[in-house]
Each structure stands twice: as C-alpha cells, then as structure tokens.
Amino acid sequence: MVQGITEPLGSIYAPLMQVYGGQILAGISPGHGGQQLEGIPVFDLVEQALLSVGVVDTSVIFVPPYQVLDAALEAIAAGIRQLVLVTEGVPPMDMMHLCRVAEASETLVVGPNCPGIIVPGQILLGTHPAEFYTPGTVGLVSRCGTLTYEVARELSQAGFGQSIALGIGSDRIIGSTFQQWLQILDEDEQTEAIVLVGKIGSDSEEVAARYIIEAIDKPVVAYIAGRTLPQSQYTGHAGAVVSSQIAGLGDEIGTAESKIAALKQAKVPIAERPSQLPDLLKQVLKSSTKTSAKS
Amino acid sequence: MVQGITEPLGSIYAPLMQVYGGQILAGISPGHGGQQLEGIPVFDLVEQALLSVGVVDTSVIFVPPYQVLDAALEAIAAGIRQLVLVTEGVPPMDMMHLCRVAEASETLVVGPNCPGIIVPGQILLGTHPAEFYTPGTVGLVSRCGTLTYEVARELSQAGFGQSIALGIGSDRIIGSTFQQWLQILDEDEQTEAIVLVGKIGSDSEEVAARYIIEAIDKPVVAYIAGRTLPQSQYTGHAGAVVSSQIAGLGDEIGTAESKIAALKQAKVPIAERPSQLPDLLKQVLKSSTKTSAKS
Amino acid sequence: MDLLEYQAKQLFHEMGIPVLPSQQINHPQDLKGLKIPYPVVLKSQVYTGGRGKAGGIRFVENTIDAVAAAQTIFNLPITGMYPAVLLAEAKYDADRELYLAVILDWSARRPLLLGSQRGGVDVEATIGAMQQVVVDQEFSPFYARRLALKMGLQGELIRSVSAILEKMYQLFLQKDLDLVEINPLAVSSAGELMALDGKITANDDALGRHSDLATLQEKIPHQIKTKMLPRDLADTTLVELEGNIGILCNGAGLTMTTLDLVYKAGGRPASFLNLGSEYRHNNSPEVLRERIQRGLELMMQSKNLKVVLVNTLGNVMLCRQTAEAIATHLQHQAGSRVVPFVVRLVGDQFDEARQMLRTLNLPLFHNLDEAIAEAISLSK
Amino acid sequence: MDLLEYQAKQLFHEMGIPVLPSQQINHPQDLKGLKIPYPVVLKSQVYTGGRGKAGGIRFVENTIDAVAAAQTIFNLPITGMYPAVLLAEAKYDADRELYLAVILDWSARRPLLLGSQRGGVDVEATIGAMQQVVVDQEFSPFYARRLALKMGLQGELIRSVSAILEKMYQLFLQKDLDLVEINPLAVSSAGELMALDGKITANDDALGRHSDLATLQEKIPHQIKTKMLPRDLADTTLVELEGNIGILCNGAGLTMTTLDLVYKAGGRPASFLNLGSEYRHNNSPEVLRERIQRGLELMMQSKNLKVVLVNTLGNVMLCRQTAEAIATHLQHQAGSRVVPFVVRLVGDQFDEARQMLRTLNLPLFHNLDEAIAEAISLSK
C-alpha cells in the first residue's frame, strides 16, 4: 500500500514499485478516493482500502512531513505492522510519539528520510533505483540515502548481489535501529554476509558495534562516511553534548574515529572507499567458510 | 500504600485503614518525605517508597482532583496494578486518559469519587465506616457512596455479613464497571449472593443487567435510588441525549423505570427500600439452594 | 457549564474555525454603532435550542428595523429565559448545512465524533442521519476523516470537514469540554465552510484549571428573569419541591433514597439538600458546618415547611458537625418560628452527637424507616 | 534554531515560569527610557555561552554608566558575534543556583529531563553533578518529581522545582523544541525560584508549524558581524573550505564520501554543496534545477576554484535536471572565466543526460573513483 500516492514523490515512485514486482494493492489519498494511478486504485482511507483489497503487509508513506505521524497511526490502527516512511523532515516530537505507539503495537518502522527496502528481483518498498541492485546473498543496511545506491552499485558490479538492502533513515530519530536490522539479516536464510553503511554523528554505529559483538554470527563489513569532515561542522547544540556526556559516552561519540574504533573492536573490517567493499566481502566470506568448515 | 497521606482526607483515613488491619506500608506526599503519620512512613515518591517497603498491591489515592491522574500514573509506572481513587471531581478528560493507560497495563481502577473497598474483618481500602460492616458471604457492589454504608448496615443488622463491599464511584467516568466487579464476585469463593446498588442516570445498571443474564450464576438482588425524582432533574445536556439516542439506546436510558425493567428481565429482585434487601436475599438464597440441590 | 453562542464562536475563532463577522449587542442602541454591513441577523443569546422557531432570530435590513427587532428579542423569553446579550452577525448563503460535534461517551469512556449531512434546524432529521466515530486511542486526524467518509462526504470536503473536526477536537481536549457542536456548518456553493451556530459545554469539574472559561460565566450580566433550574444532585444547592418536609442528607444516593422513602410512605418533601459525598478533597469541619447551616436557613424560607428530616451517615467528623450545626441553627432561630427536627445520625461519633442533641430535646433515630415514619407523622 | 536569551524568557513568561522584569535595548540611548530601577544588569544577546567571562554581562548603577557599558557591549564580539540587542534586567539575590533542562535524547528516542544542584557559570561542575530522568511514556508531573529527588532536593523545593520543570516540558512539547534550559534557576533565601538565564533551541523541521517561533528569527536585525557558520550537511548551504575543487552532490552520505575520497586521493576541496536527499516531499524539477544553478553560482565566487566535481546519483528526474542545470550554467558563464567540470552521473535517464553533456564537451564518468582521479588531475 502507498499512502500519499497523489503526492509528488508518491506519484513518481508508486508506479516504479508496481513495475518492479511488488504488489501495490492500493494507494491512499484523502479526497482522491475512486481515482486510479497507473492502474493502482486510490482510496480515501486506509481501512476503506483494506476492506476492498484484503490484507496488506506494508505501507510506504510519501505524505508531507507534518502528516506522516497521522498516516502512520492510521496504518497501525488498521492493523498494518510494517511501515516505510520515505518523507524527509518529520518533526522529532512526532517520531517520538510514533515510536512509542510502534513499540506498543510491535510495528516495524523504517525511516523517515530513507530510501526504504528492496529485495532485488522481487520487491521494492521505497525509492531504490532498481538498476543498481541485483539478487544475491549480501544484506545491506545503511544510515544513508544515495550513498546506499552507490554501495549497492559497487556490490552489484563486483558480482555481489543483495538479499535485502535498506536505508533505515538519515534523520536523528528513526523508527528502527541498526541492531534490529542486523538481527533480521543475521536470521535471514538468504543472507551470507552483511554490509553496514554509516556516517558521522549520533551513536548508531557505536551501539551497532556492541550489538555485533554480542549477537551477530554472520560476517559484517562496514563503510563510514565523513572521516575527513572537520568536527565543528557536524556536532550538534550544547544539549546534545551534555546528553552524550552525562550518558557516560564522552565527548568523542559520533566522530569517525569513535565509530571506526568501535567497529574494529567488533572485528568488522572497514572499507576506505565504497569500491573496496567487495574485496573485504571476499575476505570475510573466505575466512567464514574456513571457520564453518572447521566447526 | 496511601498517596496524598498528608491531604485532609488522607490524614483522616490512612490511620483508620491502618487500625482496621490492612497493612498500610507507606504514605506518599511530595515534600513530606521522611516524616511519619501515626507510625506510617511518608515518602516523596512512589518508587522511593517501594525501594524501602517492598511490593505494594494497592494504592489508595486522596490527592486533590487535578493531581489524581498524575498520582495514578505514578503508581502504575511503579508497577502497582490496583488503584482506589477516593477523590471527587476528577476531570473526565483525565479519567479517559487514565482508563486508556489502565487498560494497556491491566490495572484495576476503582473510583474516582468512591468509598473504595472493604473486606470486613480483614482489610479496608477507602473510607467505609468499619462499624457498619461484618464478615460474611454477601458481595456488595454499589455506584453510590454513603448509600453503600446504609445498605451494609441493613445487611449486617439482619445477619448478612459481607465478603467484599465496594463503591465503584459516583462519577460519570469511572475506572471499573459493574460488570468487572460482578465477575469478580461471581468467581469469589467467599461470596454466595450479590447485592447491586444503583441510582438513576447513566446506563450502568442496564448494561449490568445484560451482563447478569449472560455471565452471572450467583443470585443477585438490587436496589435503585431515585425512583421518585422528576426526570428533568437528572438528564444531562443535549450531547448526552444525542449520544444515547444514536447509540440505539433510546431516550429512556438512565431512568429508574429503564433500570428496573432491565434488572427484572435479568430476574434480579428489586428492593423497594434498603431495609427490604435482607428479605430478598433470604428468598434468592433459599431458591438457589433448592436449585443446587436439584442439579 | 454552557457557553452562549457568541462565546463559543469566540473560541472557534481563536482555534481557526471560520465564523462570520459579528458583534455583541448589550443594548438595542448598540446597533447604531454596528460595523457589519446589512443585511444582518440578530440572535437571542440564551442557553437553549429552538430559538428560531421561538422568534429569537431575526433578519434586518437597516438600523431602524434592527433596533426595533432587538427590543423585541430582548423582551422575548425562550423557555423562560431572557437574553442579556444579542449577537449581530453577517448573513451567509449556505448551499448545504452539516452537523458536527465532539462529545464524551460516558459509557464507553471515550470521546465520540458525531456528524450528519442533515444539519440545521430539523433536529430529528439530523439525528436520524447521524454518524459516529469512537476515538478509542489518542486522537489523530484520521479519526476525523473516518467520520467524514461515514457521513458520505467526497472529494475536497473530506479534507476540509475533517480539518474543522480536528480543530473542534483540539478545543475539546485543551479546554476540558463535555460538548463542542457546530450546527449548522454551512457549505457554500464554492465549497467553503462556515460555522453558523455553535454550542460548547465546559466540564464543571475542570473549570478550576481554565480560568478563561470560568471568567466567561462572570462576564454575562445576570439578567436572566427566571428561577434557577434545579442543579445536579451532587451540588449542594437547595432544591425546592411542593410539599412540607425539608430533607437534608449527605451523598446523592442517600438523598434520593430518603426522598423515595418519604414519597412512598405518603410524605411530601418541601425541599432537599445534598451535603455532598465524603470524597471532596478539601472537606473540612468548618466548611461542612457552614454548608449545613446555610442549607437550613434556605430551607426555613419555605412557608409550607412543617418538619425537617436530617439523615446523614458516615465516618469521622460528620455526626459531630451535623449535630453542632443543628444546635447552632436552633439557637439562632430561638424566638422565631419553630420547625420540629427529626434527626437520624449514624456514625463513629454518634454517642457524642446524641448527647448534644438530647439536650435540645430532638427525637433521634438509628433506623431510617423509623425516622421517616416520625417525620411524616409530624408533617400531617 | 537557537533563540536569544530575551526571546527564551518571553516564552518562559508566557508559560508562567518566573523571570525578572527586563527590557530589550536596541541602542545605548534606549537606556534613558529604562523603566527598571537600578542596579541593573546589561547582557549581550548573542547565541553563545561564556558571555560573563567575555565581558558581555555588566552591572550598572545609573544611566550614565549604563549607556557607556551598553556601548562597550555592543562593540564587543563574543566568539566572533556582535549583539544586535542587549537585555537590561533587574538584579536578583540568589541563595543557590540550579540547572534544569529538557532535551531530546536522540539515541533513546525519548525526552530527557536534566538537573543539577550546581547551576551557574561553572559548566564543568554543573555537568559533573548532572542527574537525568528519561520520559519513557507520556509525560506526567511525577517524572519531574523524580528528577527533583535525584537532584537531592528536599521539602518544598521538590514541589516548586518540579512545577517549573513541568512548565518547561509543556513548552518543549508544544513548541517542538530540541532544548529548553534554565541555567541558573536561582533559589532565593525565602525559597522562591527565578529563571536568571535561559536557552531555547527550536527544531528546524518543526518551525513550519510554529509561526510564532519562525517570526522571532526575522525580528532580530541582522547586524551579526561575522561570516555565517557552516550549517548542517542536510542543508543546501554552500560550505567553503580551503582548497580548489568545488564539489556538488546529492545526499549527505554521498557528499561526505566524495569529500573523503578527494582528500584521500590528495585533492583539496574548495567548497561543497549537498543538494539534499531525494526524500523531500515537495521536490520538483524546477526547485532542483534552481538549487543546482544557485549552488554553482555561489561556488564560482571562490577565486581558488580550479575544477567542479559533480557527483549525483539516483532515480527519476535527477540526472536530467543536473545535466540541464549544468548546461544552463555554462551558457550563462560563456565569455567569463571557464572552470572545467567533471561530471559523474548515474541513474535512470543517464543516456539522455549524457547526450546533453557530450554536446558541451564535458568529461563524463560512471565510476566514482575515476571521476575523482580526473578532478584531482585537473586541479593540479
């Protein structure tokens, strides 16, 4: 299902998703009920669409930023338990509210400000350019947008197809964490290795590194963007500094150094450039085959 | 536990509850932490009290009306799952909020504007005057305050002691329904018969009567106050009329006639006066013994 | 607490709900300074429906007509109430008229959104076509769209009507309202919306945290030329009836029971006063005694009064305060007309109270039925 | 968006948080009309901490001193910023100084209450004694009391400080703030509380629904005599650096990666511009083209610029718009200084874009590493 199908982004991407093979059963756009968009029926309300098209697993949301919370709550109230929020600029207060409701209802929320999910060759739930992706066994999870495409393209060109690829969102408050997706990829039978793409700012990669040590068995390689950016350009306001300091995280959280150190501790090889990722994958897959052969 | 122990009502009733035998482990009153009230230690915060006194089953709340919601949420956040709200005048919006949280956390809320619960001879959680109650086998559930005392007194004087007696609250929005308590009393091993005390206004007795038909096996007798009151004195505003009309309940909901008709349909004998309740109890207990003997 | 139409519209305006340009008229002469262009509608500001049918709403084309019409409306009682204020408002050409409301569903313990495509004066039709949506979790605008669809609205009206409902809900939540209603919500031929009439009922228990609403009540000059209607039993107002037995009780259920028993035994209450439940946070001995004494004074003003029946029971302070208040009252009354008291007091400090009242030679009862029998026999 | 102290205090006042009587001073001469009795504190209104140590806060006893002090402060840069406004405020005798804040904990995705008994100027001590409470469910005042207790407050201060926190939280929630801070919150010897300094950061993404906050920014005369600080990468502002390669990308991650790769390969960026992600709701071809063109114009202002590296990839419209914008730009530039372009375009409409750029004789790449190598060789 696509909420906001008549919005600028929705009307571009919904047909692309439909063409890719994901079954786009319905589009939602209040006031446009009864219309069609390239063969996709449009409804005024989510619950109305469900009455007509039956069970829907996932809703991809393209509505304007201040309407994202409402669209997501509408989908959750209608029983949909997977949401992809593409829209950029959702206020943090709305995301906090949504995260509380999502936790209580066990809803998986991807985004906001993200390209969504692609299972190459099968289904597209978001904006990933299909041409960069090929089916395969590498799980790709990223905190970036277009950089995810870049990495996927490098992987595909080097013969590393993807089992699932997704961007969890570039905003500071997002619906699902690296940890959740590392766990999903770790359990996914199609996935043999995981590529993690991070960037400076926030403590996402540091927390993910700790989680990899604790819970992830499959090999992970990583790329971190922003290693050469002067620090003053990305540190947040005083409150954020205070926040990370009193949380015992220290001043250095969020820097490339901090992230790389944490990932190294988790024995995650780190690429110097996206084009180096295939080499690292070859290495970890080789040694992991050895390890499995041993055990 | 008693929240609002230094408030006017709290300071009167907490010692009475303590004397009655219920273990009042702690009182809460922000700013008064470290004090004592007739031997009951006072704390600033619920969670602080729990650290000191261990597990608490129930909190009885006497704080001012606009602080009831916060006190209740504080108790729920600290893991307390039974609340008695004595205070009158809690705004409905606060109660709606509290009911949502209570449902999600499976918390039993009695009140507001109620005398609470008494298990005669054992425990007092509220304001029931102990002298009117005696231990026994009649469950007493009421939507009134002082009238509950009156009924208990009549029962006790006629030799019908009580297993549990409680007022669920006189306000229009209350935390628990007649149905919930009828079910509890129906399942309670000490209880052989149930006395239901209602009054005009709202649809509580009508709904309870339907529930009795569906789910209650033990004999129930009832008393309804307000049979002679002219109707214009209790009907609510237009919105309530619209509300009950569109809910398909008709205009007559809330009148004594409507309640008595509903209860008669549920084969619940109705007392003309509180002092008639013991006679009705004798009759229903006799016939229920006969029925059990037959079956 | 009900707000008058013009007060409700003020709140609508603050919330961004469209209302017509209007002006408050305290006196017919105010119309000479009217800033709204004619034609204008003059509306009686009373707390009741059916104003149109009663002649409380008039269209006027010029100042002379307006002043005359205002004089008529000021002197026109509607269900017994005279307006202290009129509202002068621009005229509006409605293409259709909708009904919208947000109320509390006391039974479901949830807010309810109500809507009908048949708004306007015909309440029966409105109710017949009424749709409802329960707001079962925290409100979000999709609940409003859900109602709009149920009402059968289509296209742009889904968005525009649900946007109005959203604002009504915000008002409802922010101001602790029992009811917020727009009837009719006019739809112009261009699809524009306008709240032509509105009703707001604020929750009395919550007025203490909304000083803006509480002061609205004070702003209205109290020219309402009618007796106050009896209030809810939970209040301590004295309610007057036709008989000769004055009844004083504590708690609504007990008060109703006492009335029921008196009627049933053939007695006729002159008035009743409910002292209120024991669960008021700020109950103090002083407040309670004061309330009893003032209640008794009011009760004595009835010339039919032949006997006072006091029936209170409860815990702590109650019996003693009741006894003390009665004693004080009787001392003050000494010399004037003497009305006999029948007192039924049960509670903790009964002995002490009994002592006190015995010295006043008042008949004292434990048993309610007996007290009632005695009161009735004294009233004959 | 950061608010200045006097703006934050205005919001505190509206919310019922106690602040001192104060007056906004736009010019030293304004002090002649001062309505606050002396002694008075004059405070530089700049978006930065450490004003006291820098000399931006002065106590004055009379008008002559005040005017002189104001002139000094207006001409005193603090971390490079000059104040456009001063705040004149009454003096206050504090017995103790606390720190209170409400912030967003981005990582936990929850609001965080912060408090310390050691407020005031010594930030190190404040942070050392900092206590925190996560607001994990919907806020209720007990969270504030929880913080007050953790801070070690006792008696009446528990209630009074948590009442202030409650109001800070309301402000935080109602206005979509990233941060609301009171430091110091003075406690007088009588136990009264007073917010002596405050800081509010509004969330930029939410400004669109808070017109009152958005207009605050406009109200400040833009006299800040400093270069604008580089904004967050998500913004489309051109960020200037020291080198000679101009970089234009779409998306923060891709921009950072391109910068990283250029540095690593020995190149030196002159500036970079992030066109933003593809996930803006209102992205349109026109907006995108406009943004690219304006970005390129800004980039050309750098005299060191030797080459422009364009690296964009994505879906739909992007490639075509980028190619069109570059073409238009080059047409406009025709005749003036010619800076070579290295363009890496990958995406759906690549063929079309390639066609367009080939006619302009621009080197075009699929592979990022190759494009970077070419750009660096052109920059040498």
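First chain written, first letter: the chains are A, B, C and D, and each begins at residue 1.
By our rule, a contact is a pair of C-beta atoms (placed from the backbone, for glycine too) under 8 Å apart; a residue touches a chain by one contact, two chains touch by 3 or more.
For clarity, every value in this text was computed on a predicted model and none was experimentally measured.
Think of each touching pair as a link: the shortest run of links from subunit A to subunit B has 2 of them.
Shared contact partners of subunit B and subunit D are absent.
Counting C-beta pairs in contact across A-C and across B-C shows that the higher total falls to B-C. The chain with its Cα centroid farthest from the Cα centroid of subunit B is D.
With each centre defined as the average position of its C-alpha atoms, the distance from subunit A to subunit C rounds to 55 Å.
Put simply, the C-alpha centre of subunit C and that of subunit D have 51 angstrom between them.
The centroid of the Cα atoms in subunit A and the matching centroid in subunit D are 27 Å apart. Contact of a single residue of subunit C with at least two other chains is seen at positions 137-138. In terms of inter-chain touching, the protein chains here make up one closed cycle, each touching precisely two others. By the definition of touch given earlier, these chain pairs are in contact: A-C, A-D, B-C, B-D.
Taken together, the subunit D residues at the contact with subunit A in this complex read 2, 49, 101, 103-107, 109-112, 114, 127, 130, 132, 137-138, 173, 176, 178-179, 181, 199, 201, 203, 205-206, 208-209, 230, 232-234, 239, 249-254, 256-257, 259-261, 263-264, 276-284, 312-317, 346-348, 367-369.
Residue ranges of subunit C in contact with subunit A, taken from their complex: 137-138, 140-142, 145-146, 149, 154-159, 162. Those residues of subunit A lying in contact with subunit D across their complex are 7-9, 12-13, 16, 62-66, 86-93, 95-96, 99-100, 112-115, 127-129, 131-132, 142-150, 153, 170, 172-173, 197, 199-200, 202-204, 207, 223, 225-229, 232-234, 237-240, 242-243, 245-247, 272-275.
Contact residues of subunit A toward subunit C in the complex are 30-31, 33, 44-48, 67, 69-71, 73-74, 77, 101.
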